[in-house]
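Labels run A, B, C and D following the written order; every chain starts at residue 1.
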Amino acid sequence: MDNKFPGKDITIEDLKTKFPLVAKKSPNHKSKFDVSGVEFGGQTIPVFAGPNMVESRELIFDTAKNVKSLGAHFLRGGAFKPLTFPYRSKKYNETREDGIKWLSEAKKEIGIPIITEVMEERYIDLIASTADILQIGSRNMQNFPLLTACAKTQKPIMLKRHYGSSLRDWLGAAEYLLVEGNEKVLLCERGVSVPHTHRSTSRFLLDLQVVPAAQELTHLPIIVDPSHATFWRPWVRSMSLASIAAGADGIMLEVHPDPENSAVDPLQPINYESFKALMKEMDLLAKTLFKRKILFNNS
Amino acid sequence: MDNKFPGKDITIEDLKTKFPLVAKKSPNHKSKFDVSGVEFGGQTIPVFAGPNMVESRELIFDTAKNVKSLGAHFLRGGAFKPLTFPYRSKKYNETREDGIKWLSEAKKEIGIPIITEVMEERYIDLIASTADILQIGSRNMQNFPLLTACAKTQKPIMLKRHYGSSLRDWLGAAEYLLVEGNEKVLLCERGVSVPHTHRSTSRFLLDLQVVPAAQELTHLPIIVDPSHATFWRPWVRSMSLASIAAGADGIMLEVHPDPENSAVDPLQPINYESFKALMKEMDLLAKTLFKRKILFNNS
Amino acid sequence: MDNKFPGKDITIEDLKTKFPLVAKKSPNHKSKFDVSGVEFGGQTIPVFAGPNMVESRELIFDTAKNVKSLGAHFLRGGAFKPLTFPYRSKKYNETREDGIKWLSEAKKEIGIPIITEVMEERYIDLIASTADILQIGSRNMQNFPLLTACAKTQKPIMLKRHYGSSLRDWLGAAEYLLVEGNEKVLLCERGVSVPHTHRSTSRFLLDLQVVPAAQELTHLPIIVDPSHATFWRPWVRSMSLASIAAGADGIMLEVHPDPENSAVDPLQPINYESFKALMKEMDLLAKTLFKRKILFNNS
Amino acid sequence: MDNKFPGKDITIEDLKTKFPLVAKKSPNHKSKFDVSGVEFGGQTIPVFAGPNMVESRELIFDTAKNVKSLGAHFLRGGAFKPLTFPYRSKKYNETREDGIKWLSEAKKEIGIPIITEVMEERYIDLIASTADILQIGSRNMQNFPLLTACAKTQKPIMLKRHYGSSLRDWLGAAEYLLVEGNEKVLLCERGVSVPHTHRSTSRFLLDLQVVPAAQELTHLPIIVDPSHATFWRPWVRSMSLASIAAGADGIMLEVHPDPENSAVDPLQPINYESFKALMKEMDLLAKTLFKRKILFNNS
């Protein structure tokens, strides 16, 4: 970053006074850190895979086993899920404490680290006892008391961008995490709200331009979640490859053994077979272009 | 609402299953309720006026006296203020517990009810002991644990719309309040984020179309906040009058004795003189068009 | 406009170099001009009313007679209509040269001036022989050759804002008209594209904030078209009143004798009875607040 | 496309009745056609490179020679340029007929085909005598008379998407070209207008999701222009690679020998050296992932 840095929404002054901990100290400054044996910000591009919701113990064990064997570094899945309305359908049934227990069991028995969302301060301890990474969902991006409480656990945190948030606000929210002395922070892009979507099936537009934009300003690794933005299975492959090519430091994917019967958003998860093929393509791309890798050994 | 109701984002089914308490029961269904002697949803169009921030005891007493004498029904002012970044400038100094104390003193001594924002569950009791209406800020619109905790106090609540939120999500959030048995709920429009703003001074676009849209679906009163959306003093009069003409059930205005020296957003508050003139115009408009009123007696 | 004018998207320098003819010369500078006996920019707030499309001779004569008797100053109606796709349905049938002829006959026999859209240079002469005001549709806002050719006729022109256009681009396009020596130019706001519409029935958001924003910068009269933005009959009244209250210098409305059987967009026109009531309310509002008027004599 | 195609904005009915010529006839249907010896829609991913504006004969000859030798398939450059305001600066000087002449000379002497923009019907013949591909700029996307006149030349056409346009409107505009019997049509994504841009330097967001979305519906090749959307040189590489990875059928890039002294938008072009490196990376990516190629021989 030289003095000619021409931003107006984000100024050089902002970098110094608004998010000094989040801002890069030098052009090549990039955070590298280990989470449960997986390196972020370095040569590996970790992949989080699993179902949208922790629907049942069976589902979690099945996906944990399968995505692990196909090369995923973390199992994802929500036990506590935000609902737009206060009523739950039979199908859409949060499993809450049970869900966390199943994640914990899968982690131990199958040996895959866990990322799952924290919605409320009161459940931080419970979730932190199992999760390797605490996820802050996009609707909570600026819920600063929750951010601060999560940061104080010193657990690694992934902060999803709100779909209506500027990069400036997102980096400001991340600063709330770093100011607590927590240095293991990941940013996650998951689609922004735009006027001109392509079909009703796509409610959000994946903002890949934010990958180089964020990397120009911050040393924090940038994860991209193409499943949620596209909301449409057939586009997930293209947008995952584009995410890697744009320079993403990690990928979050919805994977489900029976996507059409997923408890939520059944148009969006991919099945194991598609996941397997996509992992190979992403790995090939990362190796060819960036000398980074996704797959290890023979996975 | 007849059966030909043509919405797709919000269906008749949604009204019954997603927000049954928020939805109108009949075309003329409208909530009316009293808050500290002021009627909402009826013939009065209440006005909330005051500074953005509770900067000092002097400011609060001065504005309380003046806006009350000019006809405001409630004093507004934030003691706990959300900050995009975790660092506070000298000027922008939250007064927190002190601010609440000053609001409480002004309320007693000057006799004007209070609306102020709740940012965190831990301060609900403190704030509820003074505030006549708890304000949920737009960034917390979908902070459901906070919403539920505020609703349980049974205090009247004003729920600001997130700048990136659809009407559907907003009504869903309001349902979280009503489901706790709290029936004194106000909705507040404060501008949406759009691609095509007019000047850098206007970051948001006041969405007045949402007034008839919301009133078609819900019985809850709709408040409009033109100060925040315009972010520019010279447009506040036009947009306040337009809000009343669009059918707003209440108006929230930033009023400051010395706007250019306001601790935050100094381009946006109006002074006492402008407020006085605007109150008369809004009152005239409300009486002429709708047989509603803002001003009482000789105020 | 003083030197502290804080715009960034539009600077004081822009006013001098980008749109010097469109820019106000002094704070109270406002264009007033006569079109076929109707004054724009002065005490009158002219109303353009009629169907979306010139469907038939019968429709045009019926609406011309009725909207004139109810106080409309101009008959609106499109004979040449832009279509998103190159195929025409039976119902949606442009009447083109026939439509212009019917407008011309209605103008002479019933005595109401005409505003209608010009889509192509080749039809300017034909349309200008009948129309009192040439309308440039929003998709052509930056079709500069068309703008220049229309301006050269020296006919009054109404320039609709593109739904994705900033105020800066809109004023720039208007400068293309004034630079040809044509001083009778009207701007028309008709809704902008936003991420968060209220229902599928509303595709655009009427931007009333642009009324004071434009009036701060330009002397040109600002017309508002609430029918097109709301796309939903029940909201037209509220948004028309709000347009007047925001300071609009004219109103464009879709009025149809049998709205549900309108050839296009049947959810949006109002019938004669609603138009009659709305004209009275808008007139009352204009007189009460601004000492302007819509209705004359006993209409 | 099976019967469960879940679009609402675009329905299966639309594919049949609104844009039947643009729509795919079968899942693998893809247009392939030759333009001046370069194949579109097949194994090659053609690259258009050159300056934003045809500033001078020297510039055109220099860039033509250099981008050709580095593997570009077409020289791009605007001789007729749309201006937001009717006044031209000294620096920003359209070269018009001269510019077309220089492009024509460079084409003959250096042997590289040309793509350049058509702004007005009156210049179609002139431009078509030189250009191998006629470019329709985004502001003219729905200027249907211009589209029809260009299509009738039977020259290949590239249709840029308006920054505020849905995929549905874009495909509808393309249908206007195909209905004239012109089958050599390219679509070009160049960024959409969004509320939440990253910095003032980025005015648009490159919509890569539209690549798989368009390819699901239409057989027409999809070009992506990352220079214009990012408006910021340092992001061009990432977004170009992401475009290829998303499945783009062609890339349009601004390349200038002295970017900082480009007559327009000097923040956006890349220099020859960056272009050379990027061509190699894009080629490697295309070969590795898709068995497509950009570079031939030893270029």
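In this section, contacts are C-beta pairs under 8 Å (C-beta built on N, C-alpha and C of every residue); 3 or more make two chains touch, one makes a residue touch a chain.
Predicted, not measured: the structure shown is a model, and the values here were computed from it.
*Asks:* Based on the averaged CA atom positions, which chain is farthest from subunit D?
*Replies:* B
*Asks:* Would you mind telling me which chain pair, A-B or A-D, is linked by more contacting C-beta pairs?
*Replies:* Of A-B and A-D, it is A-D that has more C-beta pairs in contact.
*Asks:* In whole angstrom, how far does the Cα centroid of subunit A sit from the Cα centroid of subunit C?
*Replies:* Whole-Å distance between the two chain centres: 47.
*Asks:* Give, as an integer number of Å, the spacing between the C-alpha centres of subunit B and subunit A.
*Replies:* 35
*Asks:* What whole-Å value do you get for the distance between subunit A and subunit D if each is reduced to the mean of its CA atoms?
*Replies:* 33
*Asks:* At least two partner chains per residue is the criterion; list those residues in subunit B.
*Replies:* Residue numbers touching two or more other chains: 8, 164-165, 193-196.
*Asks:* In the complex formed with subunit B, which residues of subunit A make contact?
*Replies:* 17-19, 82-87, 119-122, 139-140, 142-145, 162-165, 168-169, 172-173, 175-176, 179, 193, 195
*Asks:* Per the contact definition, I'd like the list of subunit C residues that touch subunit B in the complex.
*Replies:* By the definition above, subunit C touches subunit B via 6-10, 164-167, 192-202, 205-214, 216, 229-230, 234-235, 238-239, 241-247, 267, 281, 284-285, 288-289.
*Asks:* Could you please specify the touching residues of subunit A with respect to subunit C in the complex?
*Replies:* Residues 8, 164, 193-196.
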